[in-house]
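In the two complexes that follow, subunit A is the common piece, with subunit B as its partner first and subunit C second.
Right, the complex of A and B next:
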């Protein structure tokens, strides 16, 4: 036990003394999560609109007055269609609207008035969203009597703020990447500096060395997660917590141990830190993409859906989103705990054996 | 003609070399001698124009003060950096190397050049191996090929950084023959650094480096003549002195027989002049009685293969208690592989190993013996991000030594081995000699019965090396520890009780030290004795 604690302490000391690594970990847990939450925008926001208005101007002004922030910038006016398309070409504006001479007349006479819309589709999702908004606005001016009225109730995230989801997803991805890399580094650093041989010659059960080393990295990650959840998720991003935070930390602990297993595997097959970074990217990127962090799993190809069922991250993400947003009770979280635990035991056992063979 | 005026080089504000001035004439071989970190490489790099420096360098009519200005003399310079085979490409053959260096130097291929090239190849004895890949060459052949490639464009100024370090004695002599011949034939200026004092006699002029300064200059006879009055047979005295092995150095007059000094003596006399006295290193006697002549380690026909390549082939070796066994050989002779197999860091591909009378078959057999073995790895690998004290505490705790006892032990050893000043510093910032002793202390914390040391004296200065050997003798005499040590310095054989000589993975000699001298009564040094085995 004393030996276990000695190794654990040594690993923590050497982590906190490697300045670069500490800064990197802090950066990933704070700035990276924050930037992902605020920088990645899928909704239309702050869209630049250009207008050519050949109509009398009454009706068009009414419509344009509905284009306001945060979705749209104040519309810019152009004299001709040519100027407008040039502006789109030069990326000055994203959406161009043309009201022709007949527009207002046709509107009052119910003669199918048309607005021509030019759109820059290089930013595909944003421009489609923008069209959606404009259509919604125009609906108000249509004198149609819709037989069905939609009344929307947004659950779990009342403002439909994607930033919150992005922040959480990014944190989970960061946990995944950092755990593998840090665990692998803890072992491979010794290979690089030549202390590996000395470690092998110590009269210590290798299992204790492996456990102590991986636990030390798990502790570091858990510290990072605590900082990130407190400072970034709750303080800056205002992520709600509808479930039990303790459940989140327990689930995270299991998940981190799982990923540490992957780290052990990588450490076993890498000779230097360079190889770690290459291997972790090759192994971890598919896991992150397939996990549902960026795309819902049900939207994937059926084959990929099966694969994603065996990535621990997919259970972890579902579990965490349930805890943060849906406020799910512990009993209903059990499938996620189960998924992470089962895959975790398999992965950690495999990594443990793989690195154990080097002793 | 090359003239260097007030050369100074600094690395990160630390002066590596200062106020270096000297002149070399055409056809002269100038040698830089000194320990690692004494500033030899910095000086060579500056002259080759590959790093920034202060001062001025005059080469014939050209003068340069920066790497940029040195560009105009580059076609006259042949530069070979430190490290075996560093300028070579492992997957290219010798012929492809020659073609590559011919093209990259844009050399006109005419009859004259072809003659010159063949002349170089035959000097180096490489003409028979043109189709062999560089990766398959021995260390000595690699260095000869590097030298040929460096000389292909007929440089007038050859700058070679430790071309012979770690190379077997025979190849070293051959390398020197090429250098001496080319100096004579082509009238080149050669500046060569070396870690081997024995090579000094082959140089026309020597600059002796110590801590970034030149402490002596002249040819080897002059240098030895200068310090003759300060070197005595071993004697006790109250005057300021340094005693190492059976020699006493003292600046004042002693009533004792004078001894013939060696070039190593220069460093001790210099230390005395600068008032750097050596701390007295002593190790407390262990209470247990020491039984001698017990076989501690017995290896029979040990073999290790990497692919088709035999790193060790049928090596027999025996280590008795209270014995210092030297495992000598050039780089790549299989010393480290052998020691790693003994330690169980590499599996055996053949042969049998017995430790403390027990056959070693699996890792369980080993685990029982781990507490009886101490190991110092090449380059003294310890944890860089922990201080000396923390490192020692860590290892003490791993060896289940009680905390209080550990603190006492650390205190004792740091005083005995003279590094108590450095206890709270990081290993990286320490001089190599201190690192060496601190690594030794770590390896004997748990009082092992046998100690394995892999190249502990490589790159360490002459004084620290001599001290280290004294320490090993103390350990042997007072603790009865058996020691197996590898080194590529053939001259260090004299400190051992028995020597095993390895060449290309095979044992070529194994005898007690005194017997070697009996076999070769005419030989002046171990270098010469071992040369016979390499021929």
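Right, the complex of A and C next:
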């Protein structure tokens, strides 16, 4: 036990001494998460609209005055349809609206006036949303007497604020990436300087050394997570916590241990830090992108769904989303705990075996 | 510049790249990224798992359910359960939307009294939630307009989706991915092969030999340039055959822009490698400098025209946006050399590359600091 603690302490000290790594870890846990939460915007906002208005102008002006921020920019006017489509082809605007000469006349005669809309659909999701907005605006002018009303509730994130979601999922990706890299580096540094073989030959059980070393990295990550959750998620991003924060930390601990297992494996097969970075990119990229952080798993290609079932991150992300946003009770979280734990035991055991072999 | 020496250095670089297996990098990594993202990112929302609680069980409510069932956007289940159980299902992340039809739905709507349909959407994935609510609104409006007899005076909307009629995700994402990988892979490779010499001390061979700075750079960069140039064609084939992208523009423009862009990316890597002292730092700094702009400021996820303020300026500082404009043009739009924007962006890319290369040449020191 004493040996265990000594090695643990030694690892922590040597981590805090390597200035670059400390800066890196702090950067990822704070700035990276913050930037991701504030920078990514998938919703259609500030859409550039171009208009060709050949009608008399009263009605079309009324409609256009409804296109305002945050959804739309002030519409730009073009003289002819040719100019408008040129602007779309050059991507100066995303949506073009054309009011023909008959538009106003038809509107007052109750004759079904038509608006032609051209959309640049190279960014399909935004164009679809923009069309949705325009349709909603036109609904007002139609004064249909509909017998049905929709009462829309967006649960768990009332304003559908992308930042909250992005912040949380970025944190989870950062945890994945850093745990693997830090664990792998802790071992390979010794390999590079040749002290790893000496460590294994010491009259100390190598299992204890490996456990202590990986635990030290887990501690560092957990510290980083605590800082990130407290400072970035809760303080500056105002992420809600509808579930139990303790569940989150327990799940995170299991998950970090799992990922440390991947790190052990990478450390075992690579000889220097360069190889670590290459391998971790090749291994982590698929794990992160198949995890459901970008696209829900059920919406993926069926083959990818099977692959994502064996990545621990997919369970972890779903679990964390449930804890932060959905406020799921512990009993319903068990599948996520189970998934992470089972994969964790396998991965950690495998990495443990691999790294413990001499030469 | 002595060509003989450049050639010798070039061969040495190639042999080193093969021996260190780094030759895989310009092929393996881009393909991995393009395939994973291309299949993985789905912006379009289909198969929304919808649970309908039909408390009315009337003709109209069944008609509404049928409308949901026939739409490809929804996977519907109709169940009889309490709202609380339904909510629990949602908390378990088994369903995305709950639609509750009130018990007096048919009676009221025939009388013309307003009835409210309750819709609950799981918004923990916010952008999807917005889309889902738009879809649901659409379906219900569709039903409502079936009842509405007098449709005179209704403004028709005649929408044309240009460039990507079917609104396929692949057509929207994959060209942007090409812009991403052709920046990341040459930049990292350049940064690494120079930083490695520094780390291992072999850079002293260069310091002490008679090779000039220009020869050194030309040899190193052209080795990578050569490898990535082949990768351009590989990626193009993947995009057109695996993802079935249309190609509407000129291939020459695509090729020219890609080569210029790769040249710019090499400049990026070069600058990083001059500042970085070790491979790991070079790698991390390059990744940080390239991934974020390639994703967020490239026009792939968010159109440049809807950016404002800082984001708009940042997007114009990085080269990714210019290349992506051209590449979306060649794949989807097809204006080619006729468009003045394309040509000016091509020139910007060229200038960008030259400036970065010059800066690299200027700051590269042929001596110990």
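Everything below uses one rule, namely that the second predicted complex is superposed on the first by the 349 of 359 C-alpha atoms of A that agree within 3 Å, B and C clash if a C-alpha of one lies under 4 Å from a C-alpha of the other, contacts with A are read in each partner's own complex, and residues count from 1 in each chain.
In the analysis below, a contact is a pair of C-beta atoms (placed from the backbone, for glycine too) under 8 Å apart; a residue touches a chain by one contact, two chains touch by 3 or more.
All of these numbers come straight from a predicted model, not from anything done at the bench.
Participant: Looking at the overlay, does A:170 come into contact with subunit B only (first), subunit C only (second), both, or neither?
Facilitator: Neither partner.
Participant: A:286 contacts which: subunit B (first), subunit C (second), both, neither?
Facilitator: After superposition on chain A, A:286 lies in contact with subunit C alone.
Participant: Let me test your reading of the model: by the given contact rule, A:14 touches which partner, first (subunit B), second (subunit C), both or neither?
Facilitator: Only subunit B; A:14 stays clear of subunit C.
Participant: More residues of subunit A are touched by which chain, subunit B or subunit C?
Facilitator: C
Participant: Which partner does A:3 contact after superposing on A: first (subunit B), second (subunit C), both, neither?
Facilitator: A:3 contacts subunit B only, not subunit C.
Participant: With both complexes superposed on chain A, which partner does A:53 reach: first (subunit B), second (subunit C), both or neither?
Facilitator: After superposing on A, A:53 lies clear of both subunit B and subunit C.
Participant: Is A:104 touching anything from subunit B or subunit C once the two structures are fitted on A? First, second, both or neither.
Facilitator: In the superposition, A:104 contacts neither subunit B nor subunit C.
Participant: After superposition on the shared chain, which partner residues are touched by A:200: those of subunit B (first), subunit C (second), both, or neither?
Facilitator: first
Participant: Could you list which residues of subunit A make contact with subunit B in one structure and with subunit C in the other?
Facilitator: Overlap of subunit B and subunit C footprints on subunit A: empty.
Participant: Residues of subunit B touching subunit A in their complex?
Facilitator: So the residues of subunit B in touch with subunit A come to 340, 343-345, 363, 367, 370-371, 373, 375, 377-379, 381-386, 390, 394-395, 397-400.
Participant: Could you list, by residue number, the parts of subunit A that touch subunit C in their complex?
Facilitator: Counting only subunit A, the residues touching subunit C are 20, 24, 35, 39-48, 73, 85, 88-94, 107, 110-129, 131-132, 134-136, 138-139, 141-142, 144-158, 160-162, 164-165, 273-274, 277-278, 281-282, 285-286, 289-290, 294-296, 298-301, 304, 318, 321-322, 324-329, 332.
Participant: Which stretch or stretches of subunit A touch subunit B in the complex?
Facilitator: Residues 2-3, 6-7, 10, 13-14, 17-18, 193-195, 197-198, 200-204, 359.
Participant: Of all residues in subunit C, which touch subunit A in the complex?
Facilitator: Where subunit C meets subunit A, its residues are 25, 28-29, 32-33, 36-37, 39-47, 49, 88, 90-93, 108-109, 112-131, 133-134, 136-138, 140-141, 143-145, 147-148, 151-165, 167-169, 171-172, 175, 192, 196, 278-281, 283-284, 292, 296, 299-308, 311, 325, 328, 332-333, 335, 339, 341.
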